[in-house]
Every structure is written in structure tokens, then in C-alpha cells.
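Take a look at these structures.
After this come two complexes, each holding chain A, first together with chain B and then together with chain C.
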Partner chain A sequence: MSIAAAKQSSKTGWIAGLMLAVLFVFSLCVGVGDMPIIRLFSDGRVLELLLVSRLPRTLAAILTGAGLAIAGLIMQTLARNRYVEPATAGTAQSAELGILLVTLLLPSASLLFKSLAASAAALLGTTLFLMTAHRLPPTQPFLVPLFGLVYGGVIGAAVTFVAWQADLLQYLSVWTNGDFSGVLRGRYELLWLGALMVVIAWIVADRLTIMALGRDASIGLGLDYARMLQLGLVIVSVISALSVVVVGMIPFVGLVVPNIVSRLMGDNIRGTLPFVAASGAILVLGCDILGRLIRHPYEIPVGTVMGCVGGLIFLWLLFRRPSHV
Partner chain B sequence: MPDRRLLCLAGAALLCIVAFMTIGLRGNIGFVLALRAMKLAALLQVSVSIAVSTVIFQTVTNNRILTPSIMGLDALYLFGQMLLVFLLGGLGYAALDAQLKFGGEIIVLMALATGLLLPMLRRRTDMGLMLLAGIIFGILFRSLHSLLARLIDPNDFAVVQGASFANFNDVRTDLLAFAAILTIVGIVIAWRARHVLDVMALGADTATGLGISWSRTVTGLLLLVSALVAVSTALVGPVAFFGLLVVALAERVVDTRSHAALMPAAMLTAVIILVGGQALFQHALGSSSTLGVVIEFVGGFAFLVLLVFGSRK
Partner chain C sequence: MNLRTIAAFAAFAFSALPAHAVDILTAKGLVQIAVSPTKIAVLDIAALDTLDRLGIKPAGVPQKLYLPQLEPLKQGAEIVGDLFEPDLEALSALGPDLIIVGGRSSTKASATAQVVQTIDMTMDGDDLVAQAKERLAAYGVLFGKTAEAASAVEELDARIKAAKAAIAGKGNGLIIMTNGPKVTAYGPGSRFGWVHAALNLPAAVPDIEAANHGEAISFEFIAKANPDWLLVLDRAAAIGSGEQGAKTTLDNELVAETTAWKKNQVIYLPAAEFYIAAGGVQSIQRVVATIAEAFTAAR
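Moving on to the complex of A and B:
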């Protein structure tokens, strides 16, 4: 990294950190319950509200946002296509299918076990997607996301069908639309496993950058391609499955954030990974706060807000960028 | 011979219609028949309008895997409907005459669809880009729809709630007459334009060279497509992959892209799948609600197969 680029990135880093800190504090203060900050330590109920509801919710938003953005980044590296992300490549829908089947077969399973099943299903669905996606002609880059979207739609139809038969449609909507309003202390801690996955991604970041060069080039550079592919798939699947289990599906985070960051800072994953994570967290937390404010004291689920905000950003990205990818 | 194949399709379609009307008849036969005839009329309109709009849309965009609903037109219709409720309020909306309301929704959809799609077609946007943009439009409009749904009064929400899922079982019979006029006018226009459509299928440059005012024709055809999409969405709700499935099958059967054969073939195939499927699921198997999901699943799967194998040639 040249000195100018390093300066630039440290400046961007400061801005991102500051924004995240501001949103963090703001998110702690916004909500239905009245929470005067000055009485934080004198009034026990204020502290309790903070620790039981606001803090977990804020942390959950940050963890989910960072995790989904990283999952999108890795997914884009693996598929070698800028326009895929877990929610549009069947990963999230496979995770839903996994939870649904566990709920039907073993209704008493713990949340951890459900997450495991969801992760396994997500892994299977994503592997199938990648195997097929590699057979599509590389000269038409838009075919891969298109394939992913319809693939996700077909799995989604299967999920709806099973849920319909078992009379679980209402239950299903908890996972299909991301919402942080149910997050309380004791109900989001699984998301820290996603943070662990982000750390693993950080450790192998250099190898991921090489993987982006393609299979032959990375094998030529001495990379164990198959192992890295498996690792990448596991990271993507676990992060998406956890966020589906705990908060539900949030579209566009994994798509929009890595694209913007790569436009600003290039494609060295070691250098961009912290910014991708921070921007993802900022985007999701910002949308959650927006959802809480638009119709205060009622709430709009973060998945809906993100569908509008993210959709607009993505269309802007599509039509601004020259047609080569 | 396309003619003989068309006759076979027509025979099969007729068979499906008869099956739909007669399987499992019980109780007051006259009442049941009248009820089923209403439903049949709706299903026929839906099949025909989806088939015709998809054929025209594929010709205009010069692509076999594009359909109005993949480009998010039915999501746009629902969004337009929600927008009307949002602007007029639930009471004002409910007080409006059903046909007037439907007319308003169609005009909103026509304006929005032409405004969005025409610039993309004019700029000869790359097909893949257009597809992707269309799907994102779909997600965006669905999200905007549910955003507006959260913003309006819960009572107002109940007014539009039923419309957002495909439901072949419980069709809107109050709009039937008005929609029938629209569908018939639409078919007549499409049929009269069949030769123009054949020329349009050669591509924008060739069509212009052959003396067709390209952008005016495309505008007209897009308006027609939007009206037909509005008919089918208003009657049963959004159906994502049905049109794609139908046209792909019809093309295999008649083995030509000539509109004089393809359009009737697509209509008949749509009737066979929809009416036959409904007869099978509702009257024979008794699980009426699943046809939409099954069509979605099979149609999506067909799309994937087309994509993987069609692009490798």
C-alpha cells in the first residue's frame, strides 16, 4: 500500500469508526421506553432497560451487519462475481429450509441445534449454487446473480410449500423478514459466533485475495484451493444461518457494502475487510434506527427498510458502473 | 405442422375445461355449475392475459427469459394499488367504485411501467443488466409495498391485504366483466399486431429498416402488456414464473417463433396448465391452495434449466 493510500484508508477508518460510535450511542437512546441518560446510574430501571433491551439490540444489529457484509464479500470472492450475496444465492433460503425441517422433525430442539441444522442446510444449498454457477459462461456476468435469485426463489417456494402443509406460514415469516424488535439479552448471543467467523475471515484474508484471481492462478501461487473454498463456504453459511435464526433475513447488505467499499478502496481483502465490516454494521444499524423512527412509537422491520434503501443503492450502482464487471 | 399441433392443444384445453366443470359435482348442480363457470371465466382470462403479455414482452425485449413478472411489473401493480390506498385513505379507497378503482390502478401501472422500461429499452441496455435491474425493481417495489403497508392504518391495510399472494382458489369475481372487456380488446390488438410483432422480433435496427416506427410501436406494446398484467394480477395476484413456463412449453410444441402460431399456442398451454391444474388440485385432490406454489416451483426450475442449458449453446 502506498503512503497516500495508507493515509486515505486511515482517514476513511476514522470516519467509519466515528459514524459507528455515533449510531451506537443514538441507537441506545431511541426506543419506545423513556430513557433519560442522566439518570442512568440513579434509576435502576433505566440501567435495566439499557442492559436487557437497547444494548443487546444495538449489538445484534452491529454483529449482523458486519457479518452479512463479510459473508457477501466472501461469497463474491468465491463466485468471482460482484453481484451475488447470501440472500440472493439460496444460502438464506436453504437455512430457512433447514430450520423448518428441524422444527417439524424435532420440535423440542434447542436454538443452538437449530442453528447447526440451518448452517448445514445453508452449506449444502450454497455448494450446489457454486457448483452450478461455475458452469455458466463467464462472459455473461449477470447470469450468475440471476441464476442465484431464481435458485433462491425455487428453494423459497419449497419452503413455503412445506410450511403451508404443516400450517407454519406465520411462524416462517419470523425468519423471512429481518426484525430486531424481538432481540433481548439472552436471545442474541449466538451472533457472537458470527463474529468469530469474521475473525477467521480476517486471518485468511490474504488467501481470499489470491482466490479472487481464479482457480488456476491461485493453485499456481501455491494455494490449497479446495480447502480454501470449503472454508469460505463454511464462513458464509454459518454467518447467514445464524442471522436467519436470530433476526431473520436482511437483503442487500452483503451486496451493496462490498461493492461500495471496493470502489473506494480496491480489492485487497486484508485492507478492506475492516471497512466492509464497519460499513455493514453502519448500514444495518442505521436502517434499524430509521425503522424505529419513521413511525414512532411503532416499528418497521429492518428487512423492509433495507429492501428499500438497499434496492435504491444497488440500482444506482448498476446504472452508474460501466457495463463491464 | 403447427396447425395440427394447435388443434391438439385446443382439444387438450377443451378437455381440461370439461374436467374442471364436471369432476366431483355434488349437491345443487345448477348452483355449482354457475359458480364454477364464474371461476372458469376468471381462470381463462388470467391464462390468456399472462400468455399474451409474456409473448409480446419477450418479443419487444428480444429475449426468451424475460417476462413481465420477472421485470417486477406485478409487484409494481401491487405497489400502485397500495399507493392509491395510502393517498386516498382506506375509506376513500373502499368507497370508490370497484371498476373505477381498477381503471385507476391500470392507468397508474401503465404510466409507471412505461416510464421505467422505455428509457431502458431506448438505451438498448444490456440484457443481463436489464434482467438484474428488473429483479431488483421487483424486490424494491415489494419492500416499498410492505413499507407503505406498515405506514397506513391497520384497517386500511385489511382492504388491500388479500392481494399480495397468488390465489387461484378465490378469484375476484366483481372485476370479471370489466377485465373481460380489457382482455378481449387486448387479444384483438395483439392478434392484429401479429405481423408487426414478427418484424419486431428481428431486432430494433432491422425493424426500423423495414419501416416500423420502433419507439412508438414499443410504447404501444408496453402499454398493452401493462394492461394485461394488471388484469391477471388484479384477478389472482402475482404469479412469478407462470408466463415463462407457458411460453417456453408452447415454443417447444409449435416449434416456431411466428406469432400467428405462438400466441394461440401459448394461450392454450396456459389454459391447460391453469384450468387443468386447478381441476386436478381443487376438484380431484381436494388441496386447492397449493397450485400457485407448485407452479412457482416448477416454473422456477424450468427457468434454471433454460438458463444453464440455453446459455451454453
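Moving on to the complex of A and C:
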């Protein structure tokens, strides 16, 4: 990284960190229960509300946002295409299929077991996607996202069909439309596993950057391509599956965040990864706060808010002229 | 055409008129039923429930009846689709005199009307009980069972009166539905509003807007509303899946602060009766009985 770029990124880093901090505090203050900050330490019930409800919800939004953005970044690297993300290319839908099958076959399974099943299904679905995506001609970049949409759509249709047969359609909405309203202390902690995946992604960031050059180039540079591909797949699948199980699918995060960050800062994953994570967290937390405020004291699911906000950002990305190429 | 043919036509037309063509009240207003129906197909669980009370056995029923008590209706009856998707071919093959739809199947009324006359017996909202009585009366007239219908209304009124007496002065209530880990709330005017209206149960939160699947709420909402009674519909139980029960969802530190939880005043409503068969006479009675029993037990 050049000195100018380093300066630029440290400035962006400050801005992102500050925004996240502001939203974090704001999120702690927004909710239905009364929580006067002044009495935080004098009134036990206020502190209790903070610890039971507000803090878990805020952390869950941050973990989910950061995780999904990183999952999108890695998926885009593995597919060598900027327009795929777990929510459109079959990963999230496969995870849903996994949960649905566990729900039908083993109704009393624990959340952890459901997450495992969802992760396994997501892994399988994503592997199939990547195997096919790599066979598509690289000269036609839009074939990959197009194939992803169709592929995700087909799996999604299978999920809907099974749920329809079992009369579980509305229960399915628990996973298809992300929502933090059910998050409490003791009900979101699995998401920390997603944070672990983000850390792993950061450790192997340089190798991921090389992978973006393609199979031949990365093997030429001495990278164990197959191993890295497997690792990337596991990271993407585990993060997506955990998000789907705990809060439900949130669209667009994995798509818009890595794109915006790479436009601003380039493609060195070691350098951009913290910003991708922070921006994802900012986006999801911001949308969740909006969802809590728009119809206070009722809620709009974060998935719905993100559908609108993310769609607008995506349009802006498509129509805005790149500042530098 | 000479006079004799006209007279013959007139005589034929008269003889073709049924013994009693009747006007009955449906969700779409008064509808004339020309032929007294003997063979009917029913695509609404509430209607099945009420007809069952009158001892009427339909020739066509939906695939899934949700209420185990209705299961005997399947014997000797044809399956004519499900609540959301009538099987038009099966309906045609069955050739009923009348098709009854309602609630979930009411959107398909125009499709089934292609087979034979279809009436929409949908009920919802605050005056569900009044509508249930209207439907009872209509079925009574239609099938010549007015006496049974009248006694069913009396029985229903007696149950409701008893429930009102049990509820009076024992605090307010909040109706919620759990769907897996998520919760929605219902108030007066909603599809479950009749509980407040018919039983005089004060609402813990009076102004919840009437969204069909309720308003998405957080557990903080329940804690703040602090109802004396929580009336819980476990949606997963309603549709017969063995999913995470409402009890597991509600058993948390925030709900534990409410009066309802502390005083053990959480009522788990009979789910299929409350949710799927809403407005069926026997279903209303079972729901009302569950509520009355809980309130009677409270000190």
C-alpha cells in the first residue's frame, strides 16, 4: 500500500469506527422498554434491560452484519465475480433447506444441531454453485450472477415446495426474512462462531487476495488452491448458515458492502477486510435501528428494511460513475 | 306458440322450482339458494365445525382438517383439495349442489363457482361471535335444522356468559402469537379481537393495529405492556408441527417480569380451534371454555 493510500485508509477507518460507535450507543438507547441512561447504575432494572435485551440485540446486529459482508467478500473472491452473494447464489437457500429438513425429521433438535445441519447444507449448495460457476466462460462475467440467481431460485423453490407440503410456509418466514426481535441474552451467542470465521478470514486474507487472481496464477504463486477453496467455502457456509438460523436471511449486505469498499479502497483483502466488516455492521445495525423506529413500538423486520435500503444502494452502485478505474 | 305450449312451459317451470328457495346471509350479503342442497362440498374448517354441530355431513371435504374432532367427516367423503387450493376436477367429479368456502379459501370462490353455486361464509374481526351465530342460523334454514341451530346458539350464549362472569374484574389481557422464536401481538379489532369484544376482556395495549398476522413485537414490548393475562397462540402447534413451543419462546427474563408470568396467568389457547377454525361454533366454545377455566382458577 502506498503512503497516500495508507493515509486514505486510516481516515476512512476513523470515519467507519466513529459511525459504528455512534450507532452502537444509539442502538442501546432505542427500544420499547424505558431505559433512562442516568439511572443505568443506580437502578438495577435498567442495567438488567440493557444486559438482557439491548446489548445482545446490538451485538447480534453487528456480528451478523460483519459476518455477512465478509461472507459476500469471500464468495466474490472465490467466484471471481463481483455480483454474487450468499443470499442470492444458493448458500442461504441451501441453509434454509437444511433447517427445514431437520425441522421435519427431528423436530426437537437443538439450535446448535440445526446450525450444524444448515451449515452442512450450505456447504454442499455453495460447493455445487462454485463448481458450476468455474466452468462458465470468464469472458461472460454476468453469466455467474445470473446462474447464481437461477440456482438460488431453484433451491428456494424447493424449500417453498417442501414447506408448502408440510404447511410450514409461515414458519419458513422466520428464516427467510431476517429479524432481530427475538434476540435476547442466551439466544444469539452462536453468532460469535461467525466472528471466529471473520478472524480466520483475516488470518488468511493475503492468500485470499492471491486467489482472486484465479486458479492458475495462484498455484503458480505457490498457493494450495484446493485447500484455500475449501477453507473459503467453510467460512462462507458457516457464517451464512448461522445468520439464517439465528436471525434469518438478510439480503444485499454481502453484495453492496464489498463492492463499495473495493471501489473506495481497492482489492487488497488484508487492507479492506476490516472496513468490509465494519461497513457491514454499520449497514445492518442502522437498518435494524430504522426498523425499530419507523413503527415504534412495533417492529419492521431488518430483512424488509434492508431490502429497500440495500436495493437503493445497489442501484446507486450501478449508476454511479467509478471515481477511479 | 299457442296457449297450450305456454301453459305447459309454465307448469314445467313451476314444477322445476324447488320446494323452498331460500335467501341466506353470507359474507357477501344475501344470496338466494334455488335448490335445497343435499350434497355439499365444504372448503372451510370453521364451516365444517359448525355444520358438524348441526349433524350435517358434507360430501366433499379438504385434505387436512386440522381438528382431530372433525376427522370422522372424512369417512365416505371425497377430498376436494385443500384450504388454499380447491381441486376443481375433484369438485366437478363430485358434482355437489353447493360449495361453501370461507376465510382462507374465500379467495377461490370465483373458481369454484365455475363448478356450482358457491357461498362465502367468511367470518372475522371483533364481532366474530355474532357472525358465527348468523352462519348457524343460515345453515339452519338452508338444511332445515332451525331448531338445532337455535339450541346451539343458546348453548354458545351460555358459555360466553359464564366466561364473561369469570373474566370480570381479573385484570387485562394481551393476545400474542408465537411463530418459532418470534412474537406478534393482536388487539381489539384484529382477527382475534373478538376475545376482547365478546368476553369483555380489557386489552393491555388497546391500540394495536389490525394487521392480519399481528404486529411484530419484541419481548421488551411484552414486558412494558405488563399484561395481567397472556393469551398465547402457538402457531407451530396450530399447524401441527412439533416445532419450538410457545413456552420455550416466552420463557425468558423479560417475559418473566410480567404479572401474567409471575402469577402463572399464561393461557395457551387451543391453537387449531383459535387460529384455523376461528368462528366455528364448537371451536369458539372450546376456546371460550379454555379461557373461562383459567380465569376461574385464578384467585
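Keep this in mind: the second predicted complex is superposed on the first by the 320 of 325 C-alpha atoms of A that agree within 3 Å, B and C clash if a C-alpha of one lies under 4 Å from a C-alpha of the other, contacts with A are read in each partner's own complex, and residues count from 1 in each chain.
Following the convention adopted for this analysis, a contact is a pair of C-beta atoms (placed from the backbone, for glycine too) under 8 Å apart; a residue touches a chain by one contact, two chains touch by 3 or more.
If you're wondering where the values come from, they're calculated on a predicted model, not measured in any experiment.
K.L.:
Superpose on chain A as described above, then tell me if chain B and chain C fit or clash.
P.N.:
In the superposition, chain B runs into chain C.
K.L.:
Should A:Tyr298 be classified as contacting the first partner (chain B), the second (chain C), both, or neither?
P.N.:
Both partners, chain B and chain C.
K.L.:
According to the stated criteria, A:Tyr151 is in contact with first (chain B), second (chain C), both, or neither; which is it?
P.N.:
The answer is first: A:Tyr151 touches chain B but not chain C.
K.L.:
Is A:Val52 in contact with chain B, with chain C, with both, or with neither (first, second, both, neither)?
P.N.:
second
K.L.:
Name the contact category of A:Leu101: first (chain B only), second (chain C only), both, or neither.
P.N.:
Once the two structures are laid over each other on A, A:Leu101 reaches no partner at all.
K.L.:
Hey, is it chain B or chain C that touches more of chain A?
P.N.:
When the residues of chain A touched by each partner are counted, B comes out ahead.
K.L.:
Between chain B (first) and chain C (second), which does A:Leu168 come into contact with in this model arrangement: first, second, both, or neither?
P.N.:
Second partner only, chain C.
K.L.:
Given the touch rule stated above, what does A:Leu116 touch, chain B (first), chain C (second), both, or neither?
P.N.:
neither
K.L.:
Regarding the shared-chain residue A:Gly182, is it in contact with chain B (first), chain C (second), both, or neither?
P.N.:
second
K.L.:
Tell me which of 22-30, 76-84 or 202-210 in chain B produces the clash with chain C after alignment on chain A.
P.N.:
The one stretch of chain B in steric conflict with chain C is 22-30.
K.L.:
From the superposed pair, tell me which chain A residues show up as contacts to chain B and also as contacts to chain C.
P.N.:
Shared contact residues on chain A: 295, 298, 300-301.
K.L.:
Could you list, by residue number, the parts of chain C that touch chain A in their complex?
P.N.:
64, 179-183, 185, 208-209, 213, 215-221, 223-224, 235-236, 239-243, 249, 252-254
K.L.:
Where on chain B is chain A touching in the complex?
P.N.:
Listed in rising order, the residues of chain B that touch chain A are 126-129, 131-133, 135-137, 139-140, 142-144, 146-147, 150-151, 240-241, 289-290, 293-294, 296-297, 300-301, 303-304, 307-308, 311-312.
K.L.:
Touching chain C in the complex: which residues of chain A?
P.N.:
That would be residues 31-34, 48-49, 52-53, 103-104, 107-108, 166-168, 170-171, 173-174, 179, 181-182, 184-187, 292, 295, 297-301 of chain A.
K.L.:
So in the complex, the part of chain A that touches chain B is made up of which residues?
P.N.:
These residues of chain A touch chain B: 83, 132, 135-137, 140-143, 145-147, 149-151, 153-154, 157-158, 160-161, 164-165, 177, 251, 294-295, 298, 300-301, 303-308, 311-312, 314-315, 318-319, 323.
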